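As written, the chain order gives the labels A, B, C and D, with residue 1 at the start of each chain.
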Amino acid sequence: MGRARLRDLGLSTGTLPTGPLNAITDVAGVEVGHATLIRDEPAIVRSGVTMIWPSRDIWTDYCFAGFHSFNGNGEMTGTIWLAEQGLLSAPIGITCTHCVGVVRDAICSYAAREGIRQAFHLPVVAETHDGWLSDAETFPVTAAMAHAALDQAAAGPVAEGAVGGGTGMICHEFKGGIGTSSRLVETGGEQFTVGALVQANYGSRDLLRVDGVPVGREIPHAEVPGHRIPMADGGSIIVILATDAPLLPIQCQRLARRATTGLAWVGGIGANGSGDIFLAFSTGNRVRNNAPHADVRMLGAERMTPLFRAAAEATEEAILNALTAAETMTGFKGRTLYALPLDRLQQVMTRYRPKPL
Amino acid sequence: MGRARLRDLGLSTGTLPTGPLNAITDVAGVEVGHATLIRDEPAIVRSGVTMIWPSRDIWTDYCFAGFHSFNGNGEMTGTIWLAEQGLLSAPIGITCTHCVGVVRDAICSYAAREGIRQAFHLPVVAETHDGWLSDAETFPVTAAMAHAALDQAAAGPVAEGAVGGGTGMICHEFKGGIGTSSRLVETGGEQFTVGALVQANYGSRDLLRVDGVPVGREIPHAEVPGHRIPMADGGSIIVILATDAPLLPIQCQRLARRATTGLAWVGGIGANGSGDIFLAFSTGNRVRNNAPHADVRMLGAERMTPLFRAAAEATEEAILNALTAAETMTGFKGRTLYALPLDRLQQVMTRYRPKPL
Amino acid sequence: MGRARLRDLGLSTGTLPTGPLNAITDVAGVEVGHATLIRDEPAIVRSGVTMIWPSRDIWTDYCFAGFHSFNGNGEMTGTIWLAEQGLLSAPIGITCTHCVGVVRDAICSYAAREGIRQAFHLPVVAETHDGWLSDAETFPVTAAMAHAALDQAAAGPVAEGAVGGGTGMICHEFKGGIGTSSRLVETGGEQFTVGALVQANYGSRDLLRVDGVPVGREIPHAEVPGHRIPMADGGSIIVILATDAPLLPIQCQRLARRATTGLAWVGGIGANGSGDIFLAFSTGNRVRNNAPHADVRMLGAERMTPLFRAAAEATEEAILNALTAAETMTGFKGRTLYALPLDRLQQVMTRYRPKPL
Amino acid sequence: MGRARLRDLGLSTGTLPTGPLNAITDVAGVEVGHATLIRDEPAIVRSGVTMIWPSRDIWTDYCFAGFHSFNGNGEMTGTIWLAEQGLLSAPIGITCTHCVGVVRDAICSYAAREGIRQAFHLPVVAETHDGWLSDAETFPVTAAMAHAALDQAAAGPVAEGAVGGGTGMICHEFKGGIGTSSRLVETGGEQFTVGALVQANYGSRDLLRVDGVPVGREIPHAEVPGHRIPMADGGSIIVILATDAPLLPIQCQRLARRATTGLAWVGGIGANGSGDIFLAFSTGNRVRNNAPHADVRMLGAERMTPLFRAAAEATEEAILNALTAAETMTGFKGRTLYALPLDRLQQVMTRYRPKPL
């Protein structure tokens, strides 16, 4: 399950309480599955796919969803349908850039295999590029892997770091990957959960901050070498936000935009080559496929701000969890990408603690 | 009330039935008011403002709404708020280009005068340019006129042609102005109304069609002179769509886009200089200001298509009603703009009737 | 090459002159290739893929492009990158809905095979659904077919009707498919070409019009049976517009929106289940990959309107060419879809000719 | 000119060098003017308007521009035209919410007065709400004030704090207002300037950070009372970014989105009631009105990232400059809003300095 989570290290960010798992799966019904591919023959591959079920019955009971592209140097399929209808109608895939297509079609073939009675599907599949650690031009991810990730997905704790779609990722010039976090929100007397899952593959070392502390500047390349992602060469982050608050599509769009804030807090600025694309869905309303109408609930606009804060905090901590979980990896062309050293992280954080009054 | 409506001439377009008034006011609660300014001293002015109340209690019981800009060479205030929240929270104004600001602020001051207890308002005010027939640089519309249009607005038949914001308008090189129409829709066993109101100030003569018949080409400038709007000089159409179908904001956006279809049927192509901007609102859901949450109803996606057809048809006929209602007008610099000759319209339509089998 | 083109029948629409081929390939550099799959074993398949090269060197010399989703019940990959950068950097694919992914990845693998030195690609692949005539759940299109369509693409006349991605399509309840057309435009003393290629799979019979004449109503189901596409079941149209006019990305977006007008003229209203998605690219500026800067030319805004008209006319005629080219086809489950009867089309058009004055 | 600038206090943020003035006016040609209204009779008013000239000849030599709405609970006029054409064609106004209209029309009347030969204008005017310190319902700003701000605008240092449109503003529950900053960027061997000007009227105390240090939490309400802006009641930030880098409209949109990052670094999360709306313009290309075409230069995509960082840093420091400049103010209903105490700011920053290794 990765080396450690941020809170295992005695560190944390934000002010809102986390859910019991501090994971996207704190939102009831959400399940996550990974298929991880680490092999050296016939080619060196460090890749995979991660699947997120908003709910196992998503094929027939849609969720409202919305997306935001902070910097669109990447792919997320299904967004034209999301922009039109605001409905999510299939599980969500995250994988490597060259594998978006096979994973997208695999969701369709999975539905066909399961006997889902709809003529077609417009699934959401997003990507970040793993070509530095993995021989991406072997197009390694298969439909079978995508199906396995869908089958094996589960509620409960979520594996983080170099797993699933996050296997070959790089974050702030340390080893990156999958991370997750959640927040509990009280607004207007009701309690809701906001969860985030990220596939983090972006960022400059010198911009990395943890709770405002410039950790990246304090751990320079002279100490821990890092792969600096060339601007045009990729680097990206996909953020999936889930909530049980009853939101309309337009409100999901609002929530998705707040991943920008959490990303900024860690040090993401949407570099040119980055595909920083965010999706938020709500399980608080379900719309049955082909229903003549749906009675839905809309959280009052004036109650949204705590959710926005939760989305920012959960995104921030999910990225940090990806960094603390991921282990040093050697891959394509003998390249080694180093993990964020946890002892050094703790030292730096201690040094920046305020002096007593 | 204008010279004639299209159906008074024995003509019609589309296949869906109209509402009882064949006007946007067929949607229960909608009220329309005009303030018209036609004067020759101290300057020659042919201008005004038209106000549309989605409902008199719109200040506190918001409607969902969405907009679409087919060609954005124009202004519609309030769209950033609409894009964010999908809520319409004030009456809608349509006026001349130079008067957008005064009308916008006048809606705020009207609210203040009425004791509406909200800190501020973000009203929707749109415009088309009347500078060919009116001395626009006198900035003729006043807050008092805007207030009068709000006060005098009423349900029932709507005056069309050269009234209110439509006073100085030009359409397909004939006299244009305000027009309205409506359609009744049956979908999934329920009946809904879709109404349109346009301020039509766009278009080339040679593209004008009535129910597919190339009326514009058949009535050339040699016969009826027309003012050809230079591309960069304006020309625009504002379309306001209303419905009692219970739509979400994202569905209102969809409906608004269908004004494009009706506009195309008459011959509008979104010329470069044109501000072709459309707004659709639904009275089928009301959201009380500051309510902690709202229970709303969403028409099933599969039931939307008849509404789309209705929006296209109502927009088409509203434009044609503006043309048949508006009378020849002489204005600024002694310019005369001729009305579409109704007898010639009928002759052309007769000539194009299909031969018997 | 299909049964006939509209102009072969002595019919035409619009007023602008066509290019020499009356095809998207009138824009210099553009090449089109089809791979068509018609087989009855082991499953009945009527499917394929169509590829459009803006230019063979598109991998390294990008074009500006923009898109518009009139009704987004469909997929077009690559749009998030297009929205961000306005650059088209790979050939464009159009295929069946279940095959978007394989075609998308196939464009990436084609680039890898050709030794294109870029880390990754974000190609544009769009779709319409052929599940009524074809056993879509067999996922019939392969990477090899996509590669073949890329290899075999050529300048010159373009095959129309039931070919490539258009093989199994339905249009206004007649047999649909691929169609193309072009227009020559003179604006500000320069001449430009606008070409359109459509994959037409949408529409109600009763809305079909040819040059304003209600052809669909005149050829009812009692005379020629048709498959009425259920609202939620698909139906879609993809429109690709090409021009050599030097446009910026934002201007390409404008051009793309005008496909809506041409579609409306034929009778498309963006039904709920339809993916009506349009892309426009300009070969009038080329931007070299990784160039530190580019000197580009921008057509003045005031010169855009003739291009808008050309885009509408070319889209309209491309759809009609798809209808006149496509032949009656029998496919999945023994279903037969009838072609638009050309003799009847001509009869109806004759009946609606205006009577002499 | 305000109490102090951040750097006067020995503090700074970011890593890029500032321009000579550390102001938006470091971009050659940009001029800023304020008209400030502080009076107690007949009503208590703390309001005004700030005008930004991208260049004095903007009426005829347009700039490319783009905008982003991070949270659209506010107004920015002119955005529909910006989205369509990407052109800025008039000076930009920022004022109070109730005064958007009068300032918008005043820009039009200023053009008319100056004899600008264009039929109409679609100016950009944005707002934040000052109703806590000012009797907003008196609609205090006049066309004459707007004209004065246009006339008096100048290059050189920019007054900050409670001036112009920023007079009555509140930021992170301290006194807010106008702030500005700039950054110099080297990319691909060329040097460019990015400047920001903000009207800051948003934010929770507990989220305020300076260079990552949680200053807001360290100066609680018990120490310095603050006005907590209710969610639904306003709070907003307008950010205007200027650069001399040669950008296309789509690239200006990208730049505008980066204000989100700088805002996040200070602690802005786009609360529900906030109008967080950003505009970026480039003086590096000029497009002459009505020119048949324009030869323009486009910075290569791969060279954009330093500009993005500069936009984030300049936005961050502009907000902090607004806070350090603004003085404690008493206004409407006797309410007092306290300035950020500069000595306490310095103390907190010192306490959070890292301990030596």
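Everything below uses one rule, namely that contacts are C-beta pairs under 8 Å (C-beta built on N, C-alpha and C of every residue); 3 or more make two chains touch, one makes a residue touch a chain.
The shown structure was predicted, so the numbers you read here are calculated from the model rather than taken from an experiment.
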item	value
Label of the chain whose CA centroid is most distant from the centroid of chain C	D
A-D or A-C, whichever has more C-beta pairs in contact	A-C
For chain A paired with chain C, centre-to-centre distance based on mean C-alpha positions, whole Å	35
Where chain A and chain D are represented by their mean Cα positions, the distance between them in whole Å	33
Residues of chain C engaged with two or more neighbouring chains	71, 84-85, 232, 254, 290, 301-303
Chain A partner contacts - residues on chain C that touch it in the complex	69, 71-81, 83-85, 97-106, 108-109, 112, 119-120, 122, 125, 129, 131, 136-137, 139, 232-234, 275, 277, 290
In the complex with chain B, residue positions of chain A that touch it	84-87, 188-189, 246, 248-250, 254, 287, 290-303
Parts of chain A lying in touch with chain D, wherever the complex brings them together	15, 70-71, 206, 209, 211-214, 218, 231-232, 254, 257-258, 260-261, 264-265, 268-273, 301-305, 308-309, 312, 351-352, 354-355, 357
